[in-house]
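The same subunit A turns up in both complexes below, where it pairs with subunit B and then with subunit C.
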Partner chain A sequence: MLLELQNIVAGYGSIMALKGISLSVPEGSIVSLIGANGAGKSTTMKTIMGLVSPREGEIRFKGKPLAGTKPYQVVHEGISLVPEGRQILQNMSVEENLYLGAYQRSDKGGIAADLKKVYDRFPRLEERKKQFGGTLSGGEQQMLAIGRAVMARPELLLLDEPSMGLAPIVVQEIFDVIKDINGSGTTILLVEQNAKKALQIADYAYVMETGHIVLQGKASEVAANPQVTAAYLGGKK
Partner chain B sequence: MDEILNGYVLQVVVFSCINIILSLSVYMTLCTGQMSLGNAGFMSVGAYTSAILTMQAGLPMAAAIVLGGIMAAAVALVVGIPTTRLRGMYLAIATLGFGEVVRVLALNLKITNGALGLSGIPSMANTLGDLASDLLDVLDMDTQTGGQLLMCLALLIVVAAVLWFWHRLEQSRIGRAFAAIKADEHAAELSGIPIVYYKMMSFLFSAFFAGVAGALFAHTANFISPTDFSWHKVVDALLYCVFGGSNVMWGSPLGAVILTVLPELLRDLAEYRDMLYGIMLVALMAFRPDGILSYDVLKKLHRRHTPRAVQEAAKEGDR
Partner chain C sequence: MFFQQLINGLNLGSAYAVIAIGYTLVFGVLNIINMAHGEIFMFGAFIGLMLVTAAGANIFVALIGAMLGGAVLGFFLEYLALRPLRRRKVTHLAPLISTIGVSIFLESLALKIWGPQTQSFPPQFEGALMNAGLFKVSMIQIVGFGTAIVLMVLLTLLLDKTKIGKAVKATSENIETAGLLGINTSRIITFTVMLASSLGAAAGVLVGLSFNAIEPTMGMTMGFKGLAVLIMGGLGNIRGAMMGGFILGIAEVFSVAYGASSYRDAVAFGIIILILFFRPEGLFSKAGKGGRP
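The block that comes next holds the complex of A and B.
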């Protein structure tokens, strides 16, 4: 297992958003985490990144315990997060945003090669590389956020609601890119409200409800589950 | 020549230089998005350290000034551990409180001579005048004016060095981290930047240079007392910074020079002076909320002074 969470309890102040969740992400796979608003999906991501520290439980990445490490150390270990709402640096150019993703790397040749890869994957970003991040459209900002995370050359890429607020045609593009990134060897943990799309591209899926994992299994099995169909996939198939 | 180099003008130059360093020290924490108002406190620490070291331990002035800065940074290291975790106005209030603590300490300690302050601090003008007395003889200048002139030159060199240092820093990897933290702390953290470390670093630099500014003040005014380092001082410094443009390095020195020289020029207006000064500040904030210099203005100036051929070449490169 590349990433393993065991009985994680975490939250904010006196409110526990995660009430003992366990999940595992096998190397090379795409794992989707679906659920309604407030189920604890984003908190799970933040806990993995070290932005929220767990009260109980254990996180292991490549067999090493991760709980209690700082975000920059987690990035160093090889995990990158594309945060919900993208968090592009508005007053910096597209290229500066991308270089920021490679902050911890010092291999100039490798960074240049990866920058080229990002531009090949998102030609729109290359066209706009001198433009301020804040002037991009929503879809382009999402591409930039993904590009920035990839620039850290992570082994595990976490994506928090990458389709949020985007036009359907752009959503399809983003999902294609996610599959493509996975195809080049990066493991992916995806949080989505767009359950249909998330289940389509995933190998495994977890369904969360109010801080618990209520269902898990192969993505195709989860998608076939009548409860999931009723709750997340718009009724009968 | 004598008209320009009289004591009064030189004095204004000296104050401008010290204010530039002080406002740059405020700018340094703004670089990481921290509004720290403890700089009057750090200035005080630097001033008293340097004054006491020269007067009682007989240290050479240059060494004492540097030690004043180091002492201020050392204090900042202790203060910074809790305060760099604060944000926005909480940080502003906490650091302002620190400044007041320093003032009250200086007011009550024996070594700082309480409210009476320290007088007879070795003067930089005299020291430099004595050092270069032969040169001044050749130039047919008396040690008084010559010393003052040399002091101005020394301060200008220090200002240039601070500006050069910070300019280099902003172009470096550290500078990129600072800019990212200022733009979005959360995003910076997720990109793998240890934000507490860099915020602390900018806080220490800020304290060091505030300390140096204080030490320079001590040796140019030759007298310091706790009232010299009240919170007015840091509000002034912040004003220089915001007036000149708080998003670019050149804003602080510009603001400091204008706001130091202007009240002198307005001296003839007597009691209307403060009013006019106030109106000007309000007007500037209304019409140029980012201060006189902003990123865009610098870019435009840069473009105007770059030969056309270079511009064309740069454009080609973009394509």
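The block that comes next holds the complex of A and C.
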């Protein structure tokens, strides 16, 4: 397993958003974590990144314990997060945002090559490379957030609600890109409210409800589960 | 007369600008006002003075020495007064109060070391005065103004062109995002406080040179002026702090020159109140962005 969470309890103050969750992400796979608002999906991501410290439980990445490390150390281990709401640096240019994604790397040639790859994948970012991040549209900001995370050359890429607030055509583009990134060897853990799309591209899926994992399995099996169909896929099959 | 006063105002304003940039940098990464900045400015002036009088150093060597001393003070300020509070998730106001504590400590320490009397640099560049017809410029003014401008240019280059500078900007804009990008934000905060303090100390030497009056209480007045400039320029906006410094300097000098010498501070701060009345977010901040650099 590339990433393993065992009985993680975590939260904010006295409120525990995660009440003992366990999940594993095999190397090379796409794993989706679906569930309603407030189920604890984003907290799971923040706990992996070290933004929230777990009260109990263990996080292991490549067999090594990860709990208690700071975000920059987690990035150093090989995990990058595309955060919820994109968190683009508004007052810095598109290109500066991308270069900051490669902050911990010092291989100039490799960084330049990866920058070119991002521009090839998202030509609109190259057109706007001198503009401030804050001037981009929502879809462009999402592309920038993904490009920026990829610039770190992570082994595991976490994506938190990448389709939120985007037009359907852009959503499709984003999911194509996620598949594409996975195809080039990066393992993906995806948190989504768009359960249908998330289950389509995933190998494995976990369903979360109020801080617990209530269902898990191969994505196709989870998608076929009647409860999931009723609750997350619009009821019709 | 007019041009002469403009030159004097630019000279004073350049020192204010360097002080205000120090406040701005710290405000950017920590969202607090560093109340000890004025006292670090005062220490810079004394360190420069000691290097010139006791060690016989050249004024530029003294300036660099003061900046190094300021950086060391900044390191301890961050390590002892700010970092422990950050670890413990206390209220937002706690670090503000702890910097006030540091400022009182530094002022008392300076009184103990150097005594309460006003001291001054031995005359530098004596008699060198350039006459350009409309106005006269002394060598001290040229050196002071020139040094301030060089410092501002170097700082701008550092922030815009270097990796660590970009990390400072990213940390200022959103510390959580900066961490997620792999930036060790704690180290960036230490670096920023040291950088800001070294600029404050440099301003101390410049002001000490221009006004020939160095005393342990000079930090307080200067600190408040830097603070006013910080707010006038738009909290956390570096260009705003530069421009604000010049506006305050020129306003002060003109109010003295045109007959209101005893109202000099009142006129200067009156202008700031007027500016804030019409632009409460500060002169140079982009509305709606919280005035970040």
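Details
One rule holds in what follows: the second predicted complex is superposed on the first by the 237 of 237 C-alpha atoms of A that agree within 3 Å, B and C clash if a C-alpha of one lies under 4 Å from a C-alpha of the other, contacts with A are read in each partner's own complex, and residues count from 1 in each chain.
As a working rule, a contact is a pair of C-beta atoms (placed from the backbone, for glycine too) under 8 Å apart; a residue touches a chain by one contact, two chains touch by 3 or more.
Keep in mind it's a predicted model, so treat the numbers as computed, not measured.
Overlay on subunit A: subunit B and subunit C clash in the combined arrangement.
When the two complexes are overlaid on their common chain A, residue A:E209 makes contact with neither subunit B nor subunit C. By the touch criterion defined above, A:Y72 reaches both subunit B and subunit C.
Of the two partner chains placed by the overlay, neither subunit B nor subunit C lies in contact with A:E58. Shared-chain residue A:K130: touches subunit B; no touch with subunit C.
Common to the subunit B-facing and subunit C-facing surfaces of subunit A are residues 49, 51, 70-72, 75-76, 80-81, 83, 87, 89-92, 96, 99-101, 103-104, 148, 152. Across the complex, subunit A meets subunit C through its residues 49, 51, 70-72, 75-76, 80-81, 83, 87, 89-92, 96, 99-101, 103-104, 134, 148, 152. Contact residues of subunit C toward subunit A in the complex are 163, 166-167, 169-170, 173-174, 176-186, 289, 292-293. The touching residues of subunit B, when paired with subunit A in their complex, are 176-177, 179-180, 183-184, 186-195, 295, 318. On subunit A, the positions that touch subunit B within their shared complex are 49, 51, 70-72, 75-76, 80-81, 83, 87-92, 96, 99-101, 103-104, 130, 148, 152.
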